[in-house]
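After this come two complexes, each holding subunit A, first together with subunit B and then together with subunit C.
Up next, the complex of A and B:
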């Protein structure tokens, strides 16, 4: 095992594997930065190139290395411009962007990147540690458990609602309704498609997220007529401060990383869900949540990176992809002659460890790179808005378009952009809508499957009962805590 | 309105071997005697042109992979050696792509379509969103056979498909959705021989169903034969003897699944009524023309001819076969003319058959 661990390390550092890794990192760096343009779409674009690579390790150095860094650099765009760099980086906007507006972009970026590296480490470590127990771990979760976990996610709407719980719940409800759009897999009937073929395949998450979050911020920037930062450039509040924040909230970062791993392991749930759960967990009980609390940056920053390690667990152990991007990666691995599955844990253990090393090395390199240019990046927030807006709009629409290469996605972006603008104007929270949209489909499918497979018996499974109890505790926890002592609740440092 | 939107993802490879150009100019002249004079005066139509293959599924999947393999080799067999690019236009089970190529793209032999195998089911079901008629397309050829099979955990009480027919309690099979090939196959077994299968529908993909099989959430599933024999976890299953094959959809038994009866054998055994037979025949068509290439109606006949001949040659090219093998595509091509006949026979069904299909598969 140790041999394989060491051998994996040298395989990644060997030439030309390391060269491919650097190319992957370079591509991933920009893909992450550009709003909307996501790791998944880019992976699909890059796939034909990887067909010409001969060695499996070289192929995933390129592809996995690219994927690994998109999560980190995606956070940067979310924080600086309030525009999600990746679908899985949207949660960083909630507190990261207010920090930028306050002139604290440096600190937010420092925190996001440090927590990202942290998350990647935890993810890679979990992948390495779980190798002996991978199979039972993945088999632990059946459809009933997945359904309850989706419901658990829905309950986080309460935490994400912000000022008005009622508005939050209504927004979440709208999200759940939007999730019903499309061809229903159970009966094949068309729901809310209004004769449009585009709506057959359900709403894609990217145009909705980009529309809801990016367009209102761009409009706001245009209306304000200033730079993103509302305070003049005096002194950049240090990047080092952000790094320190990560260690100040060490256990919070660890917990949020583990949330990411956990959601990565589960099929269908991934970084898109994990970020919101980690955010909700991070800001639970934090007084200035949504106004620039660093906990709201650390949580999703760590979680959206650690999911990559989690995603790889079922992919490696069963040849069953843990997410859309893993499905594409799996296809690439098959072509270069690697067949993920049990043999990855025996004969090809060194290759599995090489994957662990790719995750770690790629994130360390990109973090180093980011820290070098962080001050320049943060300086963008002091540029006059009118100079930024054309570029932002351009990239926002390019990003939405590349999700499916469909012009209809641009219309969806515009529609949700308008909706997002009015939601901001009238104080309606946007995260519950996104969470409802993502989880609605999962919850519906797995409720159907559970009932079709087990009748009503699944409700009495011990695992299901335990998960229900956990859900109730999560919902009731803030209330209980509040009763125990208001003084403690109001201390922003105590972020449990 | 939306169906008209062009989706652009363009990438492809040059397949240029200038020498073959000179080889094929005389050949194309020979086949196009009527245009000899004009062809002498000018270069082959395809010279300097780019052929676009519109794939009705997203990049990275099996259809995309197959189309890209074809795109890298087809050009060198077409006089003029055109460049070939692949464009993905996913959505609505390829209906969007088929509508586009049928109604929007210019039928000049430069735009071709690779739809989902089962896109014809949307047409048979009479969805009003379907704006194409698959029978009017010119079929160029198909790359594979997608024979399906149903298999079950070996520790389940049912030992054969006959046990399922006799059993009072139907086995639970996992499936992705009502339009999917696995679901179609199980409904056909019920329709033709009365083997009732309880479909647990809604899994995101075959990988998730495989997991559910391992957990015992469901005990059976349907999958193409080629996928089963090239992917995990199925390879391990095969080694362990984890599953037993119950039935297969091909006309002949697949050599790798010698013990499972075909639906056609079963229909003879159970003396299936004529209407149900026709339903089965129509519903199983998709497997026969996997990864097919079509040209829209109105494409000049001489170009259809060129494309068909080039396709036939390209699918015999050792380079293509080797590359396909690497990409886990098992090449077993069918000629365009055969597909055209097959489509006509399979889709031209009397109203009662169509009614039955709608009843079975459309709500």
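Up next, the complex of A and C:
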């Protein structure tokens, strides 16, 4: 096993594999920076090139190297411009963008990049270590438990609604309902399409995320009439502080990385979900959450990168891709003549370990590159808003269009842009809506499978009851905490 | 009872859930199960929320957790001016969409960048033209030439048969 581990390392560093890795990193770097154009779409565009690459390790250096870095560079766009560079980087807007506005872009970027590398390491090591023990991990939960976990995820993020828990839960509910739009997977009947052909294929996440998150931020920039950064231009400082933050909150970064790995392993869930759960976990109990708390950058930064390692576990070991990008990588495995499953863990163990090394080396290279050009990247936040806005809107519309190459996506972006504006104006949190939309499809599938297989008996499964109790505790905890706080606030004498 | 503008938004949420639950009435059980399992409790919660809002139940402002964990609009700008600027930028956003629909991406993107810089921002001719050129080059080079994205022709050209 050690031989295969070392062999995998040297195979990645050998020529031309390392050259392919550098090309993959370069493509992934820019794809991650551009809003809307995601790793999945680019992987689909680049997959045909793997036909021309004969060696499996070389193919994975190119494809996995590209995919591995999109999360890190996507975080940069979210932090600097408030526009998600990747769907899996949206959670970083909540605290990363406020940090940029108050002139702490360097610290936010330092924290995001370091936690990303850290997350990628944890993901890669999890892949390496979990190979012998992954089967029971994947099979631990059935559809009833996975349905409750989906609801628990929305509830968890809904509790961050601040003054009104109900607003958070309702926003999550809106997302869950929006996920029901389109052709019903069970009966094939049309639901909530209102005569629109576009809605047959469900609402795509990219136009919704771009509209909901980017447009209110652009409107705010126009209203302020300043640059993104509200403080005068100075030399980029705080990068080292951001790096230190990762180590200051070491266990938080570890926990969020593990959240990412676990959500990567679970089928269909992935970085899009893991980032929000990690965010909610990261800012729990943090006073300035949503206003520029570094914990809100570290959590999703670590989770959206560690997911890649977790994602690869079921793909390599069982040939069960946990996400769209892994489904494409599975295709690449077959193209280069490898069969996922026991073969990958016996005859081609060196290739499996080479994947681990690709994740690690690609993230180290991109982190080094990012640190080299951080000053130039952060300087963008000092450019006058009046110069930036037309370019930001250009990327918003192009980013939405690239989701399905359809103008209808632009209409969806506009609708959700207006909705996002009013949600921010009236204090409705947007993250639960997005998580509801992402998890809705999965939740419905698991709900139906559970009901078809067990009737209503699944509601009495001990594991389900435990998960429901945990969900109730999650909902009730902020209220109990608030009542205690209010009692103390109203009776200051007692508190003394 | 306190009537506030956000009540209209709360009412829209109730209508949203009402429509989604009502639409599902005639569907088969398989299709209806999920929308009702989620929609009915949410409809009830949205009504409860509306009642609370009507009663004017608000958290004491001294509590730090009063705002949601999300982006907040910058305070400090005069509300009337902020409203005017918000309407202005939304007009540009909708104008950009109308331009893309009628004229296509290839014409609208450079035209929009130039008009925004010159008319809205009042930038100098040289800078406006330079940045417009950069935007056009980025659009053409990356999205058209390299990625071959299938940008549709403008509807106006379709109508005119050009």
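Heads up, the rule we're going with is that the second predicted complex is superposed on the first by the 449 of 496 C-alpha atoms of A that agree within 3 Å, B and C clash if a C-alpha of one lies under 4 Å from a C-alpha of the other, contacts with A are read in each partner's own complex, and residues count from 1 in each chain.
Criterion: a residue touches a chain if its C-beta (ideal position, glycine included) is under 8 Å from a C-beta of that chain, and two chains touch if they have at least 3 such contacts.
Just so it is clear, the structure is predicted and the values come from calculations on it, not from any experiment.
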item	value
First (subunit B), second (subunit C), both or neither touched by A:394	second
Between subunit B and subunit C, more extensive residue contact with subunit A	C
First, second, both or neither for A:187, with subunit B first and subunit C second	both
Which of subunit B and subunit C A:334 touches, first, second, both or neither	first
Partner chain(s) touched by A:408 [first = subunit B, second = subunit C, both, neither]	first
Which of subunit B and subunit C A:96 touches, first, second, both or neither	neither
Which of subunit B and subunit C A:448 touches, first, second, both or neither	both
Subunit B versus subunit C as contact partner of A:142, first or second or both or neither	first
Which of subunit B and subunit C A:198 touches, first, second, both or neither	first
Touched partner set for A:85, first subunit B, second subunit C, both or neither	neither
Set of subunit A residues, in rising order, touched by both subunit B and subunit C	45, 186-187, 189, 405, 407, 444, 448
Subunit A residues within the subunit C interface of the complex	37, 45, 82, 93-94, 97-98, 101, 160-164, 166-170, 173-174, 176-177, 180, 184, 186-187, 189, 191-192, 213, 215-220, 222-225, 230, 283, 287-291, 296, 384, 386-387, 389-391, 393-394, 397-398, 401-402, 405, 407, 410-411, 414, 417-418, 421-422, 424-431, 440, 443-444, 447-448, 451, 478, 482, 485-486, 489
Touching residues on subunit C, where the partner in the complex is subunit A	5-6, 9, 13, 16-17, 20, 23-24, 27-28, 30-31, 33-35, 37-39, 41-42, 45-46, 48-49, 52, 58-60, 62-74, 77, 82, 85-86, 88-90, 92-94, 96-97, 100-101, 105, 109, 112-113, 116-117, 120-121, 123, 131, 135, 139, 143, 147, 149-152
Contact set on subunit B toward subunit A in their complex	2-3, 5-9, 11, 13, 58-61, 65, 68, 88-93, 95-96, 99, 128-129, 172, 176-179, 198-205, 207-208, 210-212, 214-215, 217-218, 230-233, 235-236, 326-328, 361-363
Subunit B-touching residues of subunit A, taken from the complex the two chains share	43-45, 47-48, 51, 138-139, 142-143, 183, 185-189, 195-198, 200-201, 267-268, 314, 318-321, 327-328, 331, 334-335, 337, 339-342, 404-408, 444-446, 448-449, 452-454
